[in-house]
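One chain, chain A, appears in both complexes that follow, with chain B as partner in the first and chain C in the second.
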Partner chain A sequence: MTKKKFDLYDVMCMRLMILPFIAAMVLKILYTPASEGIQISGALVYWTIDMPLQPLYISEAQVNSVAVVLFVLGLALFLTHGLTVKPESKRQIIAEMIVEKVEGLVDENMGERFHEYGPLIAAVLAISGVSSLSSLLGLFPPTADVNIIAGWSIMVFALITYYKFKGGALNYVKGYFEPIPVFAPLNVISEFATPVSMTFRHFGNVLSGVVISVLLSTALGGLSNLIFGWIPVVGSFPILRIGIPAIFSLYFDIFSGLIQAFIFAMLTMLNISNGFPEEAYALRMQKRAIRAQKKKEREELAAKIQ
Partner chain B sequence: MELAIGILLAGCAIGAGLALIAGIGPGIGEGYAVGQALSAIGRQPECKGSVTTTMIMGCAIAETTGIYGLVIGILLIFVAPNIFVNILLNAIK
Partner chain C sequence: MVLEVQSLDIVSVNFWSILISLINLLIIFLIIKKFLFAPIKKVFAVRKAEVDKVYDDANLAKDEAEAQKSLYEEKMAGAKDEASQILSNARERADRMSDEIIADANVKAEARYKKAEEEIAQEKKKAMSELKDDISTISLDIAEKIVEREINENDHEKLINEFIEEVGESND
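Take a look at the complex of A and B:
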């Protein structure tokens, strides 16, 4: 195995991965208002663009989510650079492992007929995971903003509805009037409950992690002031705030964020494949085969007549 | 005036406390799920991996209702008082 050297392309990919995060951190430092103590607030608003109906706020969450997308893009470009038929480099082995795992997950949960959904699920996993992990850098995680997750959920909702229509428009409309027509409003509500519950599950988990970390570090600052406050020089410095929050961030930032990314991807897969079940797919394939058969027969007949 | 704002803040705090009662259900449910998973692992130790993965998935989904309560509690403590006090002040003007 020959060791590959970094060339210019790899260096550019690495820069694409790292520079957006540095830019986001610099913006955060510049725009954070100077204040005593710790405040719990939503995302900071960086710029405001005047629009006809309502001003458009470019907030921290949007800037950070663009940084996350650029990071994932850079990582994908870096991992897939210089692919060979026989894997020679470590990064190719890692890239192949990721692709195989995701495709295995998709095949296992959605069935073979949704095989092409691997990239979407991989993108959801990567962007959600990296967003939640970006709070380790001190940034506001984009997943703690309800707007970002709501966008993803609406995308998933559109996909679910599309696949339900694909299973037959008549069946889709009939599904609202079951078991009796009186239940129609309830069925409509339960239809819209899917994206809402997906949004609030992910958003609430990450937001609670953010709030609890801030409360914990405030409490530790007060506690260290209480215990070590009488020491002349050291006392003014919150000693207990070093290291202890990291143990809690192991759960709240890393474990909880990654589990929620996995669950969001899992629910996406299950909802999409439930909207278009195996039987509907088989029926569709059967109809298509019959149509192709009839067309072939007609063409043969036409050829015979000629 | 002060009395009105005081009642408002007290209402927000009591509401946040009541919202967190939603944590009871997920607690019981997750405990039950983990207990069942442990007994399953005890019966068949060889399928520990898949049982653990499924259990963590199920626990995270069962957490949802508790998280709803938590979100409402956080909103009532950190977001709602400002908005309500502003509404009150505007109404008095």
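Take a look at the complex of A and C:
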């Protein structure tokens, strides 16, 4: 077995993965205002474009999202470069493992009918996970912006509604008046609560991590000033800020981010497959088949008469 | 470099941001589908075809081997029958031979036995006649002594012999 060499293609893929993040970091460093004290705010806005309805902000979150997209593109290209029938490279084994795990997850939670959902679930996991992990580079995690997650949730909501409509429009409307018509407003609220709750769960978790990290580092700065402040030169440097926030970052950035990505993917799968009315759909397909057969018979009859 | 910096509120809803994020998700979905899942699935399909082929070959070989095995078994069963046939033939022949030998031996023994009996009878006769002679001589001697006179041997021998013969006949 010859070891595969790292060729130009791989280098380009790596560049595609790394450069956008470096660019985002540079942009952030250039734009971050010199400030004193704590500051908990949303994403920095780099550029504003006037658009109908609302101005379009090219904010940190947007830039980082694009970086995430490019990173995933680079990663996918890198992992699938030089595939062989007999897996020889580690990256191929990793890529195969990813595909198999995601498909296994989809089959387990959604059933065979939704087998094609593997790429979507992998996309949700990748975009959410990489976005949350981008905070490790000191960037603003896109998942801490409510709009970003709202976009994904709306996508999921559209899919849920699409599958509910597969049982027939009448059945869909009827679903709101069950078990008794009085429940209609509650049903409407619960329907729209799904994407909203998905959005705020993810957003809140990531944002709380960001906020706690800021508070923690500020508190550590103050504490360090209190303890070591009397030392002439070193005292002005916040010694306690070194290292300790990293331990908390392990939880807030890595663990929490990945868990939230997994939860979001899980909820996507469960909501889509639970919303799908299997029986009504089967009944509808049956009726449609019968109708098609009858139509065919009638046409044949007409052809015979002629 | 001094830039005018503005930052968003922590929670600020913006329609365009939502739309862009939605499009980003779609793009990532397409990327993953086209560049990750499609090639890997293709590899899986090729591998599955290869594995299927290997299995088919193996099944074919197995079938062949089984056919050969049944053929051999048939042959073996034939050979066994043949062997038992040969064995039973040999046994039969051996039985027949042994019977013949025993019969032969019996005949020979009987003949020998008869011959021996004849010899014995002859010997007996001879012994008897010798005994007769002896007894006649002895009885003559005894009679001589008893009578104490010479008896004409020739006159009386005939008489004595008759007597002894009578005795011998009754003794027989």
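One rule holds for everything that comes next: the second predicted complex is superposed on the first by the 273 of 306 C-alpha atoms of A that agree within 3 Å, B and C clash if a C-alpha of one lies under 4 Å from a C-alpha of the other, contacts with A are read in each partner's own complex, and residues count from 1 in each chain.
The working rule: a residue touches a chain if its C-beta (ideal position, glycine included) is under 8 Å from a C-beta of that chain, and two chains touch if they have at least 3 such contacts.
Just so we're clear, the structure is a prediction, and the values are computed from it rather than from any experiment.
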Superposed partners chain B and chain C on chain A - clash or fit: fit
Contacts of A:239 with chain B and chain C, given as first, second, both or neither: neither
Chain A residues touched by each partner, larger count belonging to chain B or chain C: C
Partner chain(s) touched by A:53 [first = chain B, second = chain C, both, neither]: second
Partner chain(s) touched by A:197 [first = chain B, second = chain C, both, neither]: first
Touching partner for A:208 - first (chain B), second (chain C), both, neither: first
Which of chain B and chain C A:263 touches, first, second, both or neither: first
From chain A, separation angle of chain B and chain C (C-alpha centres, steps of 10 degrees): 110
Chain B versus chain C as contact partner of A:19, first or second or both or neither: neither
Which superposed partner A:45 touches (first chain B, second chain C, both, neither): second
Contacts of A:223 with chain B and chain C, given as first, second, both or neither: neither
Minimum Cα separation, chain C to chain B, after superposition on A (Å): 7
Where chain A meets both chain C and chain B, residue numbers: 40-41, 207
Residue ranges of chain C in contact with chain A within the complex: 1, 3, 5-29, 31-33, 35-37, 39-44, 46-47, 50
Residues on chain B engaged by chain A in the complex (per definition of touch): 56-57, 60-61, 63-64, 67-68, 70-71, 74, 78
Contacting residues of chain A [partner chain B, same complex]: 40-41, 197, 200-201, 203-205, 207-208, 211, 259-260, 262-263, 266
Residue ranges of chain A touching chain C (in the complex, touch as defined): 30-33, 40-45, 48, 51, 53-57, 59, 61-62, 65-66, 68-69, 72-73, 76-77, 79-80, 83-85, 92, 95-96, 98-99, 118-120, 122-124, 126-127, 142, 145-152, 154-155, 207
